[in-house]
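Labels run A, B, C and D following the written order; every chain starts at residue 1.
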Amino acid sequence: MTACSPWPSRSWCWRSRCPPGAEDDLLGALLDQWPSYLAYVVSFATVGALWLGHTAITHYLHGASPLLLRLNLLLLLVVAFLPFPTRLLAETVEHDEGGNVATTFYGLTLLAASGLTSIIWRYAVRTGLVRPDVSNAEVAVISQKLTPGLVFYVVMIGLGLLAPVVAVLGYLAIAVFYLVPIRSLRRRT
Amino acid sequence: MTACSPWPSRSWCWRSRCPPGAEDDLLGALLDQWPSYLAYVVSFATVGALWLGHTAITHYLHGASPLLLRLNLLLLLVVAFLPFPTRLLAETVEHDEGGNVATTFYGLTLLAASGLTSIIWRYAVRTGLVRPDVSNAEVAVISQKLTPGLVFYVVMIGLGLLAPVVAVLGYLAIAVFYLVPIRSLRRRT
Amino acid sequence: MTACSPWPSRSWCWRSRCPPGAEDDLLGALLDQWPSYLAYVVSFATVGALWLGHTAITHYLHGASPLLLRLNLLLLLVVAFLPFPTRLLAETVEHDEGGNVATTFYGLTLLAASGLTSIIWRYAVRTGLVRPDVSNAEVAVISQKLTPGLVFYVVMIGLGLLAPVVAVLGYLAIAVFYLVPIRSLRRRT
Amino acid sequence: MTACSPWPSRSWCWRSRCPPGAEDDLLGALLDQWPSYLAYVVSFATVGALWLGHTAITHYLHGASPLLLRLNLLLLLVVAFLPFPTRLLAETVEHDEGGNVATTFYGLTLLAASGLTSIIWRYAVRTGLVRPDVSNAEVAVISQKLTPGLVFYVVMIGLGLLAPVVAVLGYLAIAVFYLVPIRSLRRRT
């Protein structure tokens, strides 16, 4: 098996710490990789929430300006980068050394993606790209929904320097918060 | 060749057991990897069946609720996770040790995906998201089609602890069963 | 560099034979990998030709039957499998041992994809899925275009057992032949 | 950790040079990989610019000819190839040996993609595929926008043989230049 090292490590071990003798105790090896599953779920939930938010935003616009397209590309650049900090997090979140660096790096990427989504929405509102039939109340509800997540990300990034695993659970909580439908807009989103 | 280990192992050896001297007997090495081909076909057939089922379901709906979108994201999370248990299965299904763990892990993933598809359909029926022109008989036919697969998955997961290869063939049989068109709905699906 | 073996080998060496000292002569190492570039171009051209053919076929249909959807899934299964024989070809086409096995394996995959495309078209014609406004002459032109490629694939698969590189160039020729537009249908495809 | 070599090297080290003891100083290891981030941003910006240019071009066409579809496939072939020179660049741009080869190889790929985009546009103009309601002035503005980038790519490819990092920054500048919206066409792109 050592002759073909990449494959076993790739599928049996998502993270760097691969206990010797993993073949004999595959169940233990799979359970031992909980950081990989956690990182996968957090990143998936965050991208899912960003996608829902992005769909809601574009639903309210009647057109796009050239700058909006460029901001959108910037958001895509950050989201396409996410797998790298996700893997880094999965490998190191348990470790004393490196775990806090990886969690901070991961949190900054999530903050960048959420911040860009918020910027795209605010830019669209200010430059009159929102459909005229959308009421000011609806615009305010969406703007309010986008703000607390950003504040919470900053708090979690700070916390991640001390307690990485807690911060990751916090990132999951933010994604779940974003995923909860907005009650007053229910019929439209 | 040892200097560049990843590539040969990646393409010559889909699984962990890479017989020494595979270069001299490439045909034998390719044939020896039947678990990889089997796992690929079973996963592909299952995803194909899920996709057809999902298409049929959305075809019968006149709209989506916020919760339906979230259930859909959950289904996507499970389907996007499938390559990991598929590789694990391909590597270990033949082995005495680990083969049953990998097969159970694989079966649970398939059960989760099928179960979520069934939940999405039942949720849509109960909350009135099905188009009004769809008859109750048609709704019942689809509901009936989705149930036996779930029962069979549970049986196969139990069997997989004893005879992994048989269980994998059972998973293939379920996918093929799902892929057979529903006769009474033929003109619509 | 040996500490991080996967990355260098992944990007510097597409194939298994990675000359020692590749870092010092990167240009030579890049040129030495011509089988990888050739395999990439042949597979890309074949998938491109299949895609154009598939687009032309669906353009002529007024609907899909359940069986057509399943045949389509089968074609997708083969096309999604293509990267594996492509890499195998890139690694071994130069070698005395294994080169002919890899070329045959590759050719059989291309034959399966082309054959399924042809079967999909013939099935659509026979079951009346072609739009009524399409003349018999047009149907005949497409059917004729799809046949010679299959014969040529069979010939090349045989030749590949003796002269792998010649067969690969033959596969490229077939893809180019498919890519040449049909003159009498020019305005529609 | 050596037992599972691929994962750590994959996520901790994007490039070939992975300093020993990277686990102890993850922050330093991450910062040390600036060529990977630079290469990612340059490739992403270039593909983004090509995508915007391509969207603008297809927006001005009223149809496609068979040859246009083939030119489009050729562009896709080059863009799909880009990840390979990007990784090569990330690994070697700092090195004395190989850095200039990788930068030239990368620049030639970017030049091919930009050149093909320009050829597609000129071909569409000459064969009358541009919508009749588009004024000659608008056509001229787009043609002018596409040309200087090509000249600049040739200059940078030459410069890359001497100063690879400067050339990469030049490639970034070209992508940013392409990404700046055309003022006189603003309402349409």
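Keep this in mind: a residue touches a chain if its C-beta (ideal position, glycine included) is under 8 Å from a C-beta of that chain, and two chains touch if they have at least 3 such contacts.
All values reported here derive from a predicted model rather than from experimental measurement.
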Copy pair chain C, chain D: interface residue numbering same or different (half cut): different
Magnitude of the superposing rotation for chain A and chain D (Cα, nearest 5°): 90
Chain whose average C-alpha position is farthest from chain D's own: B
Chain B-chain C separation of Cα centroids, rounded to whole Å: 27
Centroid spacing, where centroids are CA-atom means, of chain B and chain D in whole angstrom: 38
Interface hub residues of chain C, defined as touching at least two other chains: 5-6, 10, 14
Topology of the chain contact graph, where touching chains are joined (line, ring, star, complete, other): ring
Residues of chain B defined as touching chain A within the complex: 5-6, 9-10, 13-18, 20, 66-67, 69-70, 73, 76-77, 80-81, 84, 87-88, 91-92, 95, 97-98, 101-102, 105
List of chain D residues in touch with chain A within their complex: 1, 3-8, 10-12, 14, 23-24, 26-27, 30, 40-41, 44, 48, 52, 179, 181, 186, 189
